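Alright, structures below, take your time with them.
Here chain A shows up in two complexes: once beside chain B, once beside chain C.
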Partner chain A sequence: MALAVMLLNGASFHGGCCRPKVLLSSLGPLLSNSKLYSSYRRPGAEPEKKLSWQNADFSFKKAIDHLKTQLSLLKKETQDYLKGPGGHALSQHLLEQTRVLWQFRSQEDLNKWVISSDVEIGGKSKVYIKLGRNNQAALLYGTLNTEVPRDGETQYSGYCSMRSRPAVGSFNRKKYYDWSNFNSLYLRVRGDGRPWMVNIYTDPYFSHQKDDLYTYFMFTRGGPYWEEIQIPFSKFFLSSRGRVQDNQHPVWLDKIRTLGFTIGDKVDGPFQLEIDFIGLLNDRAHKEKFAYEAYDKNTPV
Partner chain B sequence: MNPQAKLVFIASLLLGSTITISSNHWIMAWTGLEINTLAILPLISKSHHPRAIEAATKYFLTQAAASALVLFSSMTNAWHTGQWDITQLTHPMSCLILTSAIAMKLGLVPFHFWFPEVLQGSPLTTGLILSTAMKLPPLTLLFMTSHSLNPTLLVILAILSTALGGWMGLNQTQTRKILAFSSISHLGWMAIIITYNPKLTLLNFYLYALMTATVFMTLNSMKVLKLSTLMTAWTKAPSLSAILLLTLLSLAGLPPMTGFLPKWLIIQELTKQDMAPTATIISLLSLLGLFFYLRLAYCATITLPPHTTNHIKQWHINKPTNPLIAILASLSITLLPIAPMILTII
Partner chain C sequence: MRPGWLRALPRRLWGGPAAPQLCRSLCQRPARVPPAEGGTSGGDTSGGDTSGGDTSGGGTSGGDTPRTSEWHRRFHKIWENDPQPRGHPQSPVGGGATSGGATPKAPLRHLRSYRSRREDAHGDAAGDRDAHGDPGDPGDPGAAFTAALEELARSPPGRGGRLALVEAALAALPARGAGRSLAAYKALLRLLPRGAWVPRGAVQRLLFPFPRQQECGLRLLECMERHGVMPDAETRFLLLGVFGPRSRPLRKLQRMQFWLPRLRHLDPHPLPPRLRPGLAAARLGLQRIATEPGATVTLVQRPVPESGDDEGSVQPYILSSQSPEQRELLARHGPTRPVFVEGPFPLWLRGTLLKYFVLRGDPLPPHLRDPPPDPERSFYFPLRLELELERGPWDDEDFQVDRVEEGPVLALCVAGAGDRRTLGRWLAALQRHNPALGRVPVLFRLTGSGAEPPEGPPPPGWARGPPGPRRWSPPRMGVSPRGAPGNKGWTDGVRVPLFFGGVLVFLGGLQVFWVVFGVVSCFFGGVL
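Right after this comes the complex of A and B.
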């Protein structure tokens, strides 16, 4: 499958690929002959990050409070560990067929998500999120603007995205979701007819694969009625930095970090998506293991 | 996989293991270990899935570092004693470095972090090779140097391994990770007795390899990668699920199954060495292992779930089950009565 389709340059949420490296700036004079990255900072990119030791706040009381919160998180984790896989009893893990992951009913549910747009590479799209009517849904809305930022490097622009905050355990350790019991994603949304991309990020151990993303499309209808969209995990294809990979593999559901929605359909104009809840479903009628390249690639001649 | 390539890799694994096991010079032992590491990497990353590649990378990094440490310890010993004989590893620092290097190779705590991830990323048959065949060369090196190793260090590593192998395996839902933690736990039992009676270590290893091979091959025939698949496996091979229950209890070390034999003999030897509290601690810690073995058996045999799955792969088994499973299963369940004979031949 030689689909090397370039979706959008910078469609990955790691926008600002040419942010200046801090180390490089401190060795600037030494490396002025060969620059590995350009030192141009895109207008929307964050200004130079303060180094972590410059952020140090030597307050004993704050340290004790921080330690107390982390220890209480650790205690909660241990209690959940004793209950069973995922903090629930084993019987729940074995018998469950549906699970609601994110439900948008209050501001703190909204705080579990991060929104971003091509502003970080210098574009002009706008994206906002708020609670919908009667606090029954999240409303993600804004305007897509495909005008390319004039920095000589970017060729495409115009994307907005919403991504769940990665789960963090005690002492800032990474926590992963285990969705291995399920085989489809179930969303109750009300869109405006525009196609969205659903992205699953399985935070890999090595940084070589940090741009790997499993993607599929969510086509919304746009009517006044709510839609319940079911996307089987067998349909998700592997892409890296926005480029669909030649070697396709199914997404392994035992170690998932974040879920995200991106709009980047190259059409200028307003967009709107209301999400009621995002859940998982174990569809017993769905038999497919993986939708792509089901044939044997290495048949002996 | 291409049959010729598979032949090369399997032959390399056999070659590497044989070189290490039959060597008297440290360089040959190191050579065999390196050949093993390199030969198994394509088997782990066969499917080229990003997670499989990640597992292969982790395996390579830890095993290469451990081999380098083995070479370093033999080198310091050669510097101090002037010879490279494996059985004459007398310098205490070399023994310490060798113990930690072999602990990294085997997956003893605190060098166990790679093991569950590597096993999770590899296919079930490669997991079997990693758990059994890849443990033999490092164990033989420990066996050959066992008279000069530091017993305290080994006992500490062993108790920590049994503890962590049991504790971390408790909440796993992926069968390969559960088997990885079971392996770590059994390695603890193997390591605790090596300085007192190395033959019991080898006996423990042989019986562990037998039982683990049965479990891995059973899971492979049912294509079971997670607990929920295990629940519905009884419809495909009901008698195999029933035997899996007994094999798992044997792995847990319950009498009257085979798995009880090594534990009994190890506890007896530890008591003879005036280490009864140690024996008590390690026996209590393997109760944690019993919990997750029972959980596996519960999902496979004891409960009948209300649903069957409609996955095509689970509908029917493509090829008939390997008759080797029957032989291995009967051996791993019924060898305890001939324990006196086994004692005379180890």
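Right after this comes the complex of A and C.
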């Protein structure tokens, strides 16, 4: 049973699939028509005719190159492991109070982020990212358009987002960030007065929870001065598919996969956000464990 | 109606312990109005409204499409007769023994929120609290719609087509300007029948009873949530009457009443609830961004016409802000280095877009800057006293990163248009208090249609208007903008490819448990 599960999980041949599709591709023709675990398909878009395992490309040279890169990554990981927790010295791990996660000084820093908008569901918002003046900050800008795509299913539209690429180890294994030494997120941004949502995705083990996001808001003020926004992790509430959940719990800081910024404040028009850097802060004056009540809220109405 | 054999069944099978009593209390409505009186009974309500009259026998025609149901016809008649918005709180309800079985006799004042009672007292229902920026007409379209709905609730034509009308009215509510009015939602709820859609017993509740009706209720609450309207106890009472306890709309209302108060006041820089348009909004915006101590906002040019924020207006407004420190900095700015006018940058005030321009100085190279003052330059008393008792000297909260190097901000301006003449007027006004500005070369760095290179993603080109000239310096010519030392100018960005595939789906990695297995699959998998 366990072996079968492992074979199933290991036997997919390409990296462009998410976990549910692995199951789908292994059981091939059996579930080819099933929508049980399929990923989102935009209403009106044609279903994919080609099955995922048919995209495999057998090339020996590419495989050798790939193997080389993965082995070098593995070597680096081993060295980091021997150095100390998280690849830093133990003293740094124990004493650090601040850490810079992402800063935007070059194009490869920008490549660590992915931007998306409601074009995926058929909307008309536009979003772009580029380096600011003198390669000193990232400028995320675009236009929000709340016109609902006419596919009969969608009710609302108008969002743009920027998410970090999930960390990937050697051989495409998932890596999680460990932020348990810190209790606040620190952002140095310069906005235009529009409110943004900050989302943390923890990529949970069970696929039922794959839409779970920990969310909070970032209110920019606008103006020529940089803002330093600190958001404690105790303020992030659990939401799924845009709905705040009843059972709340604080975010687990040692299993974080991606961070994202979304704008969807229902106002049509251009938006702009400059980000200098994103970091973590251990604010010793912040003692709150969790800002929301964790008890059962589904009392008799 | 339930058939006789079902009514004869013992209660336990179909109804729960308290359901019969509750349903009985919720179903307290008078007998159905016979068709002949349906027309005349609706005519004795408030105002000069003659909605009665010639309605063809009030009984519903069951085979009608919802479009042409009796409810729709009655509502359109009321709407065309231009109902009076409710001016005083206690409007008389048309005669006791008639229709209006779906409405409570008097508004339940003790259950209403403070805000909805204040709305009544002031007589304006909808447009006061603006959603995103400018209020349109002060409450007129929304109040009229609400009044029409209430009128219809007082004289309902029959029993069919109610749900369709409510769904249609809900879809039209934002367009009619009543999206922010709690009274409109309550009027909609009063149109729904009380007690008919309450499930009897746990078994029926389990099987998602009255799905379309409950979905309509949910959609109504969703519309309220989207517009930021907080439901009060009267809304809960009305929903309880329509759907019964432990129904989905009630559950959603419970969640709204739990979460909306928590999420409403999160903004650390809140705007006032009402934003006056035009110059007042611009002044508020400038005060918001000019955070230097002692900054004063001066009106340089009044808009002509009053709402003069378009390119084509005769005279756009100009508001300028500068603080004494900035004046001093500008005075010390040598004539060999230029100052830059940058803009226009966007500033949003909830739903209003303003443009602001910045007068920035040239940042000095690091070796020419003044060294920071020595913190121990006075031994007699501390020059900075920070009494943060929870943070001690062992806390090191500095980030190991270089901050963005930019020149100092010397003045700010919010203008209706970004063309050369307007900015020139602003600079002339600044020059009155800063004579140094006359000697310093001023360079314009305006983002506009012509200021960016065409390749690459389109720039933040939302500033409409002709680009300003490259240089404007009255006494002597300065350096060219591209060749200014220390400034590389704009850089071209490369568009990161869009991430297709849905908001919540990621490019997941391959799940490989063993490294060896991964190596093997390298050879057999090819592209990974």
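In this section, the second predicted complex is superposed on the first by the 240 of 301 C-alpha atoms of A that agree within 3 Å, B and C clash if a C-alpha of one lies under 4 Å from a C-alpha of the other, contacts with A are read in each partner's own complex, and residues count from 1 in each chain.
Everything below uses one rule, namely that contacts are C-beta pairs under 8 Å (C-beta built on N, C-alpha and C of every residue); 3 or more make two chains touch, one makes a residue touch a chain.
What you see is a predicted model; the values in this text were computed from it and never measured.
Overlay on chain A: chain B and chain C fit together in the combined arrangement. Of the two partner chains placed around the shared chain by superposition, chain B and chain C are both touched by A:A285.
Touch criterion met: A:F277 reaches chain C, while chain B stays clear of it. By the document's definition of touching, of the two partners only chain B reaches A:H93; chain C does not. Of the two partner chains placed by the overlay, only chain B lies in contact with A:H249; chain C stays clear of it. Applying the stated contact rule after C-alpha superposition, one finds that A:S234 touches neither chain B nor chain C. Counted by residues of chain A touched, the larger count belongs to C, out of chain B and chain C.
Applying the stated contact rule after C-alpha superposition, one finds that A:Y225 touches chain C and leaves chain B untouched.
Minimum C-alpha separation, chain B to chain C, in the superposed model: 6 Å. Residues common to the contacts of chain A with chain B and with chain C across the two structures: 284-285, 298, 300. By the touch criterion stated above, chain B contacts chain A in their complex at residues 1-2, 47-51, 53-54, 57-58, 117, 120, 170-174, 226-228, 231, 295, 299, 305-307, 309-313.
Put simply, chain C touches chain A in their complex at residues 132, 226, 245-247, 250-251, 253-255, 258-259, 262-263, 266-269, 285, 288-291, 345-351, 353, 356, 358, 360, 388, 390-391, 395-401, 403-405, 409, 412, 456-458, 460, 462, 487-496, 498-515, 517-519, 521-528.
Residues 6, 9-19, 22, 39-40, 42, 55-60, 62-63, 66-67, 70, 74, 97-98, 100, 103, 107, 110-111, 113-117, 119-121, 128-137, 139, 141, 143, 159, 161, 163, 165-166, 168, 170-174, 186, 188, 192-195, 201, 203, 210-211, 213, 217, 219, 221-226, 241, 244, 246, 257-258, 266-267, 269-272, 276-277, 279, 281, 283-285, 292, 297-301 of chain A touch chain C in their complex. Residues of chain A that touch chain B in their complex: 81, 84-85, 90, 93-95, 178, 180-181, 202, 204-206, 209, 212, 238, 247, 249-250, 252, 254-255, 284-287, 289, 298, 300.
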